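The two complexes that follow have subunit A in common; it is paired with subunit B in the first and with subunit C in the second.
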Partner chain A sequence: MKTVNVVICTGTTCYVMGAGHLLGLKEHLDESIAQRVNITGASCLTLCKNDEYGKAPFVRVNDKLITEATIPKIIEEIQRQLQNNPATE
Partner chain B sequence: MNYDNNANRIRKQLLIRIARLALQDRLLDEIDRLPATLFPRHQSGLRCCVYKDRAITKYRLMAILGHAIEDESDELTPLRHYAQEALNRDEVTDPILTVLDEACSACLKARHFVTNVCRGCVARPCVINCPKDAIQIIDGQAKIDSDKCIDCGKCLKVCPYHAIVHVPIPCENACPVNAISKDEYGREHIDYDKCIFCGKCITACPFGAIMERSQIIDVITKIKRGKNVVALLAPAMAGQFPEDFQKVAAAVKKAGFSHVVEVAFGAERTAEHEAKELADAIKANQKFMTSSCCPAYVEATKKHMPEIAPFVSATPSPMHYAAEGVKEENADAVTVFIGPCVAKREEALHDPTVDYVLTTEEIGALLVAADIEIADCEPLAFDRPAHAEARGFAVSGGVTHAVLAEGTTDAVKATTIDGLDKKSIRLLQSYAKGKCDFNFIEVMCCEGGCVGGPCNISTPKSAGKRVAEFVRNSKEHAGG
Partner chain C sequence: MGANRTFVEVDYCQSSKNQQSVAGDIFLSHRIPDQERTICILADGLGSGIKANVLATLTATMTMRYILDDIDIRRASEIIMSTLPVCKERKIGYSTFTILDIKHDGMVNMIEYDNPPCVLMRGQRRLDVQKNRVTVKSDNIGVRDIWHSRFRAKENDRAVLFSDGVTQSGMGTATMPLGWTDEKAAQHIAEICTRFPDISARDLSRNIVAVARKNDEFHNKDDITCSVIYFRRPRKTLIVTGPPIDKQRDVRLAAIVREFPGKKIVCGGTTATLIARELNDTISVNLDGYYFDVPPASKMEHVDLVTEGILTLTRCVDILEKKLAPETLPNDAAVQLVKILLDSDIIQFVVGTKINDAHQDPNLPVELDIRRNLIKRFVALLNDKYLKEASFKLI
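Moving on to the complex of A and B:
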C-alpha cells in the first residue's frame, strides 16, 4: 500500500513562522487518507538559509517540497500523490 | 484567532527582517526598500494592489520600530527617519498599542444580514416576529432595514433555513471591556482609559490592523552597545518551542543576553507572599482574595471593576520579583522580560525594575535573525532550577496550586476564572457585591493561562502540554 511521508520542519525559523500549527495535521485528515500518511517532525532542514525564510514553514511530502506551507496545501499535495499512486493489492 | 493565519505570518516576517537588518547594521540604509521588496510590481496584492500593500507595510514597520501610527505628522517622512529615532531613544513610551487606520477594513457596524440562502418562504417568521417591523420581502427575499434593526437576533433564531447571519466586528467582539470603537469613518480607535492591554483585539483583527509598539530595536541596540542585558524568561516559554526550556534559554543567551533568569524564581516569592496574605485574609474573615499576577486582569480591576479592587492581592507579580532580584545584584543590568504576553509591557512601563518586554514572536524573530538554531544549543545549566509549583504559574490553576503548596492555611476554597470576558467580569462583580462561595480566586485573562497568550507561536494546547511536562520533570519543590 502506498504511503505518503510528510516531514514537517520544526527548526527555529519554520517554527517561528508557524510549523507548530502544522503539527496538528493528523486531525485534519480523512480516515481513509490518515492511515496512509506518516507524519514526522524534523530538525532544521536548512531550507531557510539565504533569505528563503520568507518561504518558511517548509514541509516535504515524499519528494515534493512545499513552501509557505499551510494545512490545506499539505493536504492537497497528499491527495495528489495518493491519486497518482493508487494503493495496489 | 489563536490559529495559523496570514496576518500573523506577515507580522513575523517583518519582525525577522527588521531584526536581521538591525543586527547587521543595515537598518538605516535598507529599511525604506523593504515594502517594495516584499510587494514587487506585476503581482496581485493582498489588498487592492501592491501599492496599498506597500503603504500598509510601511505602517507595520513603523509599529515594529516602536512608533505610534497616530503620531504621524508627515506622510512622506521616510522609514529611515523613524528607524534613526528608534536607534537613538533611551526609553519607551505609552500607549503600548497602535491602530493602523489604513489597514482597518472599517467592518460595518455589527448587524444581522439576510443571505441569499433565503427562499422567500410563505411562513416568513422573520417578518412576523421582528419586534421593530424591520424586515420586508423585496423581490422574493427578506431584507432587513438596518435603520430600524435593533440587533435582537430574533430573526436569526426563527429562520428555518439559517439564512440570517450575525456579522460581527471581530475586534469589538473580542474586547472584554468595550475599549475599541469606530470613528466617523468607521475606522477603529482604542480608548486607553478603558483598554486593559490584553491583546485580544490584536489576534482577532482579520486585517492585522492593531499592532504592538515593539521594543525589539531597543533591546538589540542595548545588546550591541555591550550593556549587561539580562533575559527574564517566563515559565510559559517552556511551551513555546519544541525544544525544552534549557535549550531555549541557551539560545536566548546566544542572542546576546549576558544572563538568563527564570521568572519562576520570582513566582516562588509571589507564591510565598500570596499564601501568607491569603492566610491572613481568611483569618480576618475577608470575603475572598484574588490573584494579582495577571497584568491585564489587574488593569481591568483598576479601570472597570473598582468594587473588586479591595479584594485583589497586594503581592507583586513574579516578573517584578525576578527583575528586582536582578537589579539588586547588578544596578546597571538592563532587564528584559520574555513571554507570550502583551499586558506585561504595560506593567513594565510602570515598574522601574523591568526595562523592556519582548514577546515570544519577537524573541523568535531575534533568534531567526541571528541564525540561532535552538536544537543545536547546549542546554543552559541553572545553578538551582526553580520550583515545579512556581513554573506551573504559566497554566491556569498553577497559581492556586503553588499557593496551596505553601501550606499556610487549610481553609482554602479556590476557583479559577479561566479567560476574562464580559461574562466573567460580571461574575467577578457579583462576587464583590454579593455572595461568594470561594475565598481564593485565580484570574487569568487568557484562556488556559499564559500559555494561551496572544503572542504565542504554538497552539495553546501543545504549549500547555509542554509546560505540564516541564513542571512534571522539575525536581525542586516548594516547602522542601
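Moving on to the complex of A and C:
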C-alpha cells in the first residue's frame, strides 16, 4: 500500500507562523487515508533562512515542499499524491 | 570555583498555616561569589499571618545585612531583639532565627535561637557538633541564650533547618499527641538520606514539608518551612543554543557537546541539525502528547534533551521568574528543561551569535528576543534567584 510521509517543521519561525496547529493534522484526516499517512516532526528544515524557498510554515509531503502550509493545503497534496499512486492492493 | 570543588546546594519548601495567604516563616539565602560564601537565614515570627511575616522578614533581612557587613553576631542579635516591633497581645517582639554562614571551603558558622535544632547529616549518619551558649541581653525580651557552633562540612554533608511547624505537626492527634517531635523528624531525615543517598536539597525539603502536612492532616496548624543545605559534588549541565557566527566553528561546538561531562541540552532547530550532522547522530521529534505553548522536544543519542530555541528558552525564563512549580505544569519541552536546570548546580551556556534573519521579520506574530540578551537574563536569574553557578560564553 502506498503511503505518504508528512514532515512538519517545528522550528521557531514555523512554530510562530502556525506549525503548532499543523501538528494536529492526524485529527483532520479521513479514516480512509489516515492509515496511509505517516506524520513526523523535524526540529528544523532550515528553509526559513533562504527567501527563495518561500514562507513559513514549511511542510514536506514526500518530496513536495508546501510553503505557508495550512491543514487544507496539506490534505489536498496528500490526496493528490494518493490519487496519482492508488493503492495497489 | 574549581571544577571538582564541593557545591553548596540550597533549596527550601514552605506551606503556610491553613487559610493564611502569607507565611510567618522566612527563609533567605544569599551567595557572595567574590567571597566564596553563602549565607542562609530561617526566621519564624511570633504568631502567623501578616504580623508574623513582618517580624520574620525584619529579622531575616536585618540579620542578612549585619552578616554581610561582618558585624559581630552577638551584637547583631542584641540589636535585632531590641528593635523588633512589640506584639500588642503578648507584649514581646519576637522572632526565632537560625543563621548559617557557609564558606565554600566547608567552614560553617551557625547561630541558633529558639528554632528546632538544625539537623546535621554526614552522609547517612547524624552529625553532632558542639554548641556554645552565648548570652544576649535585650530591653525587649530580657536575657536570652543563643547557641553558636562552628564546624567543617565535607562532601555529602547536609544541614536541615525547619520551623516548629514541622516538629509540632500532628500535635494533638491520636497517633502523635506531642507532634512529630525534633527527634522523630531527625530520624525521618536520616532514613530518607539512607534510602536516597543522592537526594537533592530541593527534593529533601519537599519531602519533609509533605510529611509535616500529612501529620497535620493537610490542615496546617502552623507555617511549615524546611530548608536544606547540601554539600555535594556539583552536577553539571551544558546548554548549547544558536549556530556559531561562522561555519568553521561548528566542529568546535560539536566537540564541546561530545566531551562535556554532564547533562547536555541543545536548544534550537538549526543548532540541533548541525550538532547531529557533526556527531553523525539523528534527531527524532517526539509528537506524542505535544503541548501547545512551545514546540515539541526531540531526542538525540548524544544529547539528553533537544528543544526548539528562543520560544522554549523564553518560556523557561518565564517559569523561573514567576517561580512556578514545574511539577504542576504540563510536561512540555520548556518544563522538561526547567526540571533539569533545577537539578543542576553548575550550568554552562554556549551561545552561537548568528542571527536568523527570518526571526527579524516584523510580520511575525510574536516578538522574538535576541538570543544573547535572553541568555544574559537567564544566567542572572539562575545565579541570583536559584543560587546556581551559571555562566555563558559566545561562540
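Here, the second predicted complex is superposed on the first by the 85 of 89 C-alpha atoms of A that agree within 3 Å, B and C clash if a C-alpha of one lies under 4 Å from a C-alpha of the other, contacts with A are read in each partner's own complex, and residues count from 1 in each chain.
The working rule: contacts are C-beta pairs under 8 Å (C-beta built on N, C-alpha and C of every residue); 3 or more make two chains touch, one makes a residue touch a chain.
It should be emphasised that the depicted structure is a prediction, and the values quoted were computed from it without experimental measurement.
> Clash or fit: what happens to subunit B and subunit C when subunit A is overlaid?
Aligned on subunit A, subunit B and subunit C clash with each other.
> What is the contact status of A:His28 with respect to subunit B (first) and subunit C (second): first, second, both, or neither?
Neither subunit B nor subunit C is touched by A:His28.
> Does the superposition put A:Gly54 against subunit B (first), subunit C (second), both, or neither?
first
> After the superposition on A, what does A:Lys64 contact: first (subunit B), second (subunit C), both or neither?
A:Lys64 sits against neither subunit B nor subunit C.
> Tell me the contact category for A:Ile39 with respect to subunit B and subunit C: first, second, both or neither.
Touch status of A:Ile39: second partner only.
> If the shared chain A is used to align the two complexes, which stretch of subunit C, 92-100, 164-172 or 308-316, clashes with subunit B?
Answer for the clashing stretch of subunit C: 308-316.
> Share the list of subunit A residues that count as touching for subunit B in one structure and for subunit C in the other.
Residues 10-13, 15-17, 20, 23, 41, 43-44, 48 of subunit A touch both subunit B and subunit C.
> List the residues on subunit A that touch subunit B in their complex, please.
Interface residues on the subunit A side: 10-13, 15-18, 20-24, 41, 43-44, 48, 53-54, 68, 70-71.
> For subunit A, which residues are in contact with subunit C within the complex?
9-13, 15-17, 19-20, 23, 39-44, 46, 48-49, 56
> Name, in rising order, each residue of subunit C that touches subunit A in their complex.
Listed in rising order, the residues are 268-270, 272-273, 283-287, 290, 292, 294-296, 298, 306, 308-311, 356-359, 364-366, 368.
> Which part of subunit B faces subunit A closely enough to touch in the complex?
3-4, 8-9, 12-13, 16, 241-242, 251, 361, 364-365, 367-368, 372-375, 457-459, 462
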